[in-house]
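Common to both upcoming complexes is chain A, partnered first by chain B, then by chain C.
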Partner chain A sequence: MSELRDYRQPWWHRLTGVLGEPSRRWRAMDDRERFQAGIVLRAVLVGVLVYATSWPLALLVAVIFAVQYAQPYIPEGYAWLRRAVIPTIVLLVAVLYPFYNGRLPDMRWLGAFPDVNTAVIMGVYVIMAIGLNIVVGYAGLLDLGYVAFYAMGAYTCAWFASVQFAKHHVQFGAVGVASTTPGIHISIWLLVLLAGILTAIIGIVIGLPTLRLRGDYLAIVTLGFGEILPQVANNGDSLGGFNLTNGPNGITPIDAPGFFGVSFQSGSGTFFTGPRLFFWFVLLLVMITVFCSLRLRDSRLGRAWIAIREDETAAAAMGVPLMRTKTWAYATGAFFGGVAGAYFASFKSSTFPNDFNFNISAFILSMVILGGMGNVWGVIFGAAFLAYLNQEGLANIGHSINQHLGTHLDVPLYQFGIYGAIIVLTMLIRPEGLIPSARRRAEFHEGVSDTPLYDTQQ
Partner chain B sequence: MSNGNGNLLVAEKVRKEFGGLVATDDVDFTIPRGEVVSLIGPNGAGKTTFFNMLTGVYRPTSGRIVFDGEDVTGMPPHAITERGIGRTFQNIRLFQNMTALENVLVGMHARLKGGILSSIVRTPRIRREEASARDKGHELLRFCGLRNKDDEISRNLSYGDQRRLEVARALATQPKLLLLDEPTAGMNPQETADFTAFVERLRTEQALTVLMIEHDMRVVMNISDRVTVLDYGEKIAEGTPQEVQKDARVIEAYLGKQALELHAE
Partner chain C sequence: MASEARREHISWVRGVRRAGAIPAVGFSLVALLLVWLGVNLVQTPSDFASVALEGLTLGLVYGLIALGYSLVYGILELINFAHGDVFMLGSWISLSVAAHKIGLTQSTSGFKVVWGLALTLLAAMAFCGILNVTIERLAYRPLRNAPRLAPLITAIGMSFILQDVGLNRLGPAPVSVPNILPTSAVFSIGGNEYRWSSLIVALTTFPILFLLIWLVQKTRQGKAMRATAQDQEAAAMMGINVNRTISFTFLIAGALAGVAGLLYALYSTNIRYDQGFQLGLIAFTAAVLGGIGNLPGAVLGAILIGLIQQFNEGLSWHAPSSQWTQSIVFAILILILVFRPEGLLGERTPEGG
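Showing the complex of A and B:
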């Protein structure tokens, strides 16, 4: 008797042996076979990278894979080494990036490696994506209005580091601002922190009424808030005669951060150029964000978040206060959104209501989904990659396509269509994202049993 | 000792209506300290509804629930858990993609203090707290018969082990009163016997008060000090297992043949 076809598989898996068949075969393998197949697959990936991009990227990936395989041979006593090797390599490559990025060979399809300014923007998006990952990935609360927090951070920075409130004259720790300049000018470093805190408070204020809702309802309400804040920014040039946001004209210029009298605007000499300083400090912020995110994941609070994501009713019955715990997730996510927004506003030296469309919320959510919900490393990759595509990648790809095929396509014009396609493909082929957390992967394939049991309305 | 007669939980005229349906009809109910009380009744008698009101999942339409001298009517579930009522679920509701130990650690949530900032900094106090929580969790899993299953993802545990883990997780909340919702459902006779012995141990070693919903009459008659029978949301009988067994209304409403078999043995 011939083997019965497995109709539980989605139809496209039957059509495309490339996608569906290996995953079934993978499940049927034992550990040894998986190990061998893993080596082959990784070699193929490196090969593809050599072809599609250029050798430096392929080399980095190859080194990371090699270290992964070498890790089990690190002696027991050096557990910290086992965890630290890959982050150290990645960090070194990143810190030194501004020195060698101009000398790297062009990638075949993606063109030149990203500019340092682009790298700063990538870093900002990484911070935002990690923040959103706390809300969506850890606690499982679908937030479609994350851009509100980004906007809040950006405007906080703009208010306290520009000539917006010209009637006042306050200066505190600002670098590169003449003492006669009117307006409030406070050190950007303080503002980054202040923006985070203010945004977290906004997060709590928004969260308290909305987090009672579940699933789709929560998503819709957050979507609403994501629309409200940019509208407030757009119409905030005359709130009872008071010009809060300068309306559609936005607030510009915004002070740059600085140290010891060196403003990031101009930099100092040929070594400490402005973009490099911005880049190194966004790296620092990313590191702090990753650190906080990982520590929180492994804490009492992180466990409670994951428990809520898995089964709200059971979590409550185990003594997890739902509202408080969800609000903490929301506030923490908001905090990082605010930090990123403030730093970004200072980097761009401007903030406009149009920067905070719904598109951005969806874009950041895409980063989290593509990278792998719940896994910080996946989210970093997803955010950096999509931010890069947005800034340079798509234009470069378009250029390559036009050159090879003799067409005249304006590829960046279709950006949101392309991101949409990426998300649809991710959800179809690999719903857990490119680099998922083990837990999330299981949830996507086996499901969770979170049926509501409450009658909280009564 | 809050009230003179030593009742850990007193429910007065607890009523729950879903639309026009009366799920529990002015039920009076007490659980004496240190006893094992069973709640039985045919399917749809309102047992689980009653349970859900005790644990704050449902708010009673009217009536009052006093636990350990404090009125807990209408408190949210986590507040009630914090005051010392731990529960399991009829259809297992573990955190399926977390390990056994993590499930137990979530159960300890209300007993731990780690806040957001101290967790990020990981102060020495938090380190100690986490380490001792892990030790306790490990200990608890062993106590519940889950030796060496700490790092097992709970969905991969066998059915019996999942039931055990539910109890372990409920015990991790450090309850004064443990509510078990059909704990032996789906267990084979051996597992059921083990479980009965386990509940006996909980009572003698940990001085725990237990309220359980149970369909297996052998379990009920073996370990209960008192039995309460619900039918159509009404309490139709209450007393020692022997008394309840002889009650004509109970035999008619629920036990029927099964009780006669038990007598015959």
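Showing the complex of A and C:
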């Protein structure tokens, strides 16, 4: 390839001085200079956050940066502190969120901080994005039909915790459902697990014939499944006369989860309100997901995934069973999609076929890409941020823009164009994402490619 | 090259699956399809004939889009997701030029329709071609050395951006296009009319297809395209400007999308901001069915898909009807990729599956 021009540098690097010069300088620095420049850059970021979102978010970010810089000074004997401090701070801030979110000042451009219901949705999307990250980020299989798993989870929950099958009368561990209510009502906690397992099985069934396909063909096939499943849900009100999914009207209401006779739908008293309970338990699910994801990444299986992502042929030569490893990635990703779908359906108390179109797949994909493929923390950030934008942020931003500039833009209408722009800009400017994993960054910048472009056509 | 050894290795690992039950399942599926068509033909011959003609017409429009996918895939191995949305913007520009700038309406007649539509066609081709080249320049070229999925992801992002441009221009509701072409019947088969508008749409595509085949097979530029598709590095050594050739390919693909945009607007008399996504996927399926990268294959696949869609929606005996069209098309896509990834006319490569 040396005879051809080198395209490793993005084209805008030629605009020296505007965008090219800073990154060129950054590359020329040694470690000490980078350390100093890092302090300045982080201070600038905090300053921008203070301007754009007022103090609370900026304070959190400043504390995290301070801890990062303080970590080398922690004595050797307290090494566990290094790993535990930042997660503990973030966890505390998150768990206590329902108590103080009403008292926070409004953000300048983004409006009020998200309310607890929005935070639940953000949590659900975080689970889904971590699940997709296993498929896309770890194993490097582009899945454009992830929404199919989400839909499977949601419908599993809906079938077994609603009056959809009114001919049957089964109740098991359901909270807040009268014993005379017809239909199947099973405890949501069991269903969340069941939905995950069922979806993982579906993932294996879809994966077995298709995972042998090459990367972009696999993407298209998953897209096909992602389009077929919602259509089945949409037409499923008379599959040979049997009403499976109630068609476009969807299945509603769906039972809420509960504990000790307290249903999350109504909550109990002013302390354990419904949204707060939903929020705390989605946090728990997120923590379990993060734990599983990190442990999986470091396991033998996870290392096999990363090996396949980096070089399929070399991995196969080293004895990694390709099909089995890929299928496991698919099944694991599907499992988390199903869990998130089931919990979300129970939270919304409804499920409609229109919730599951291709846009949602691309939306979750853009979370993974924006945050940083392969890095759980980046993906959490990307998912929480984009889900917030989707729920409240874009409307607030549109409101701010219209107020300041006197325009009449309907910003939320163009949400998918905005996500598209985020995808394109991320891929062009920082393909490894905002908070990248070190390995992934190296892959993008050293031009490691699974199939070189110039010798694939013979 | 080094990849040769790797390919042999892969085909050795995966070579087992061709034998045994899989071809048998594939053939029995095709046989079932033929039986279903045969029964329909015997039961309602006139319906069958008119539905087949409509399917052919629709298939030719799909073919123009499918060619765009196939051209780009052939040269860059990139599934240009944004292509369907370029086609949608082609429909939009055709509508705004024909109906708003030139002022063609249902009652316009004779000579003005001819030159008006010719002008619209040129405008749509130029607009979509330049748009496609710009997209390639801005979004795909910087990623030419990146991992292979990077440009595909970028293409999805571009598709969303273009779709929202269409949303801004057309609004969320379908926009109706005036019946500029005469809607009287050319002939009718058992009460089912075949209209002049459909015939004109079908007839317009043929010269364009022949022009394209001539361009790719006979001209110097076409030779450069084929060379670049085969081996970019060797083509560059032979003095071919690879970047310009790729840009030219995108120009041609975009121009074809522009033609398809105009013809689809005339044919369906209804355009929508998200038609690009739906029809783009259908056309992509057609390209895969015919063998992606293979130009006659793209047209053949598109005609087959058009026929299948119309048979599904128009026949009476055990047809699943239009609410299942999309599922059927995607099921075909999946089956093709699983059973015969090289398509009907494509060459079998070890990596094709």
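We adopt the following convention: the second predicted complex is superposed on the first by the 437 of 458 C-alpha atoms of A that agree within 3 Å, B and C clash if a C-alpha of one lies under 4 Å from a C-alpha of the other, contacts with A are read in each partner's own complex, and residues count from 1 in each chain.
Heads up, the rule we're going with is that a contact is a pair of C-beta atoms (placed from the backbone, for glycine too) under 8 Å apart; a residue touches a chain by one contact, two chains touch by 3 or more.
Keep in mind that what you see is a predicted model, and the values were worked out from it rather than measured.
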Exercise for the section: Using the touch definition from the top, say if A:Glu76 reaches chain B (first), chain C (second), both or neither. Expected result: neither
Completion exercise
Chosen between chain B and chain C, the partner touching more chain A residues is C
Exercise for the section: Based on the superposed arrangement, let me know which partner A:Asp31 touches: chain B (first), chain C (second), both, or neither? Expected result: neither
Exercise for the section: State whether A:Ala307 touches chain B only (first), chain C only (second), both chains, or neither. Expected result: first
Exercise for the section: Check whether A:Ala316 is in contact with chain B, with chain C, with both or with neither, and answer first, second, both or neither. Expected result: both
Practice task
May I ask you to decide whether A:Asp216 touches chain B, chain C, both, or neither, giving the answer as first, second, both or neither?
Solution key: second
Practice task
Could you look at A:Gly224 and tell me whether it touches chain B, chain C, both or neither (first, second, both, neither)?
Solution key: second
Exercise for the section: With the two complexes superposed on chain A, say which partner A:Asn234 touches: chain B (first), chain C (second), both, or neither. Expected result: second
Fill in the blank from the handout: In chain A, both chain B and chain C touch residues 313, 316-317, 322, 443, 448-449, 453-455, 458
Completion exercise
Per the touch rule, the chain A residues reaching chain C in their complex are 1, 3-8, 10-11, 140, 142, 144, 209-210, 212-217, 219-221, 223-225, 227-228, 231-232, 234-235, 313, 316-317, 322, 358, 362, 365-366, 369, 413-414, 416-424, 427-428, 431, 443-444, 447-458
Exercise for the section: Could you pull out which chain B residues touch chain A in their complex? Expected result: 52, 55-59, 76-79, 81-82, 87, 89, 93-98, 102, 105-107, 109-112, 114-116, 119-120, 122, 126, 130, 153, 155, 169-170, 172-173
Problem - For the chain C and chain A complex, residues of the former touching the latter - result: 1, 3, 6, 9-10, 13-14, 17, 74, 76-79, 138-139, 141-154, 156-161, 163-165, 167-168, 172, 229-233, 236-237, 242-243, 277, 281, 284, 288, 293, 323-324, 326-327, 330-331, 333-334, 337-338, 341, 349, 351-353
Fill in the blank from the handout: Seen from chain A, its contact residues with chain B in the complex are 291-292, 295-296, 299-304, 306-307, 310-311, 313-322, 328, 332, 439-440, 442-443, 446, 448-449, 453-455, 458
